[in-house]
Amino acid sequence: MPIVQIEMIEGRTLEQKRNLVKNVTAAICESVDCPKENVSIIIREMSKEHSAKAGILKCDQ
Amino acid sequence: MPIVQIEMIEGRTLEQKRNLVKNVTAAICESVDCPKENVSIIIREMSKEHSAKAGILKCDQ
Amino acid sequence: MPIVQIEMIEGRTLEQKRNLVKNVTAAICESVDCPKENVSIIIREMSKEHSAKAGILKCDQ
Amino acid sequence: MPIVQIEMIEGRTLEQKRNLVKNVTAAICESVDCPKENVSIIIREMSKEHSAKAGILKCDQ
Amino acid sequence: MPIVQIEMIEGRTLEQKRNLVKNVTAAICESVDCPKENVSIIIREMSKEHSAKAGILKCDQ
Amino acid sequence: MPIVQIEMIEGRTLEQKRNLVKNVTAAICESVDCPKENVSIIIREMSKEHSAKAGILKCDQ
């Protein structure tokens, strides 16, 4: 029942997202020994106005 | 102070969302005995490119 | 594929949590028309030191 | 390594978000004594159809 | 209705958490112009076994 | 800046968690082309009383 939430900056292609969920699922199953049917993933894309590090928005860095 | 986050595939109507928050709030209040004023709900809609099960995006299933 | 995260103050009984997930799942299925097998729920309990409203911890209210 | 997620109703200006991440980061560093480089913030904006209190959507209040 | 989730390494004192929620709430209200009564904060503490950067657990860094 | 939150049932060993963050980080970097220094992971463990599927707690399944 692993549930995974991934936040990242917007702009990846569908092919990259396809690989992302395939590879992250495989990494989880191999690491903690669970069937891949149990793994759910949510991807959330952020704009650079909605992500900050050290008090500065990504769009200002 | 229950705070509820609901992720679901996009495409529900406003009327469905209206019922969703009314019915989920009632279900919580009845189950754990709290006033409905205390319940906050966040709905997040995902595209089928942003949700995966068993390593496969919803848009590819 | 609704995924639900519920945060609430700790201290509910197992029986209350049992009812909570049963009733919230039913409320979702009825409201947005999905099979109950698709609904996953995560409950997270907080201590009163870890929840705040209006800038004041619950343990100080 | 504080990671902060902020959900709020959509509609704030870029300048408000710029101040938000600067001020929240400063508040965290001052309160729990950590370098600002360690603080990551995610902002998520919700429409009034996606936020509810007391079982009623914001758009209906 | 800002809802804030803060994840940080465990070990802060109650006094630090008290200041954290007071100061973060003030920072939000000042930045995005909302009454402090609207701000809810959830603090989640992580052990060093449950937080990672660059593929390495905090407890191994 | 990918930020990853992984919820899973409690009980994995430290060695499994060590592999989990190493392998998930590698899977992300390879899939979406980012340096591993940018990847943060939060692991949250749930008891079987705090996770449900189809309206039934894991501890009752």
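Descriptive notes on the structure:
Each chain gets a letter, A, B, C, D, E and F, in the order it is written, and its residues are counted from 1.
Quick note on the criterion: a contact is a pair of C-beta atoms (placed from the backbone, for glycine too) under 8 Å apart; a residue touches a chain by one contact, two chains touch by 3 or more.
None of the values given here were measured: they were computed from a predicted structure.
Steps from chain B to chain E, minimised over paths through touching chains, total 1. Where chain E touches chain F, the two copies mostly use different residue numbers: shared numbers make up under half of all numbers in play.
Computed from the mean C-alpha positions, the centre of chain A lies at a distance of 20 Å from the centre of chain B. Shared interface positions of chain B, defined as residues touching 2 or more other chains, are 1, 3, 7, 17, 22, 24, 26, 40, 42, 44, 51, 53. A complete list of chain pairs in contact reads A-B, A-C, A-D, A-F, B-C, B-D, B-E, C-E, C-F, D-E, D-F, E-F. On the side of chain D, the complex with chain F involves touching residues 1, 3, 40, 42. For chain F in complex with chain A, the residues that touch the partner chain are 1-9, 12, 16-17, 19-20, 22-24, 26-28, 30-34, 51, 53, 58. If you check the complex, the residues on chain C that touch chain E are 7, 44, 46, 49-57, 59-60. Remark: chain F residues 14, 17-18, 21-22, 24-26, 36-37, 39-45 touch chain E in the complex.
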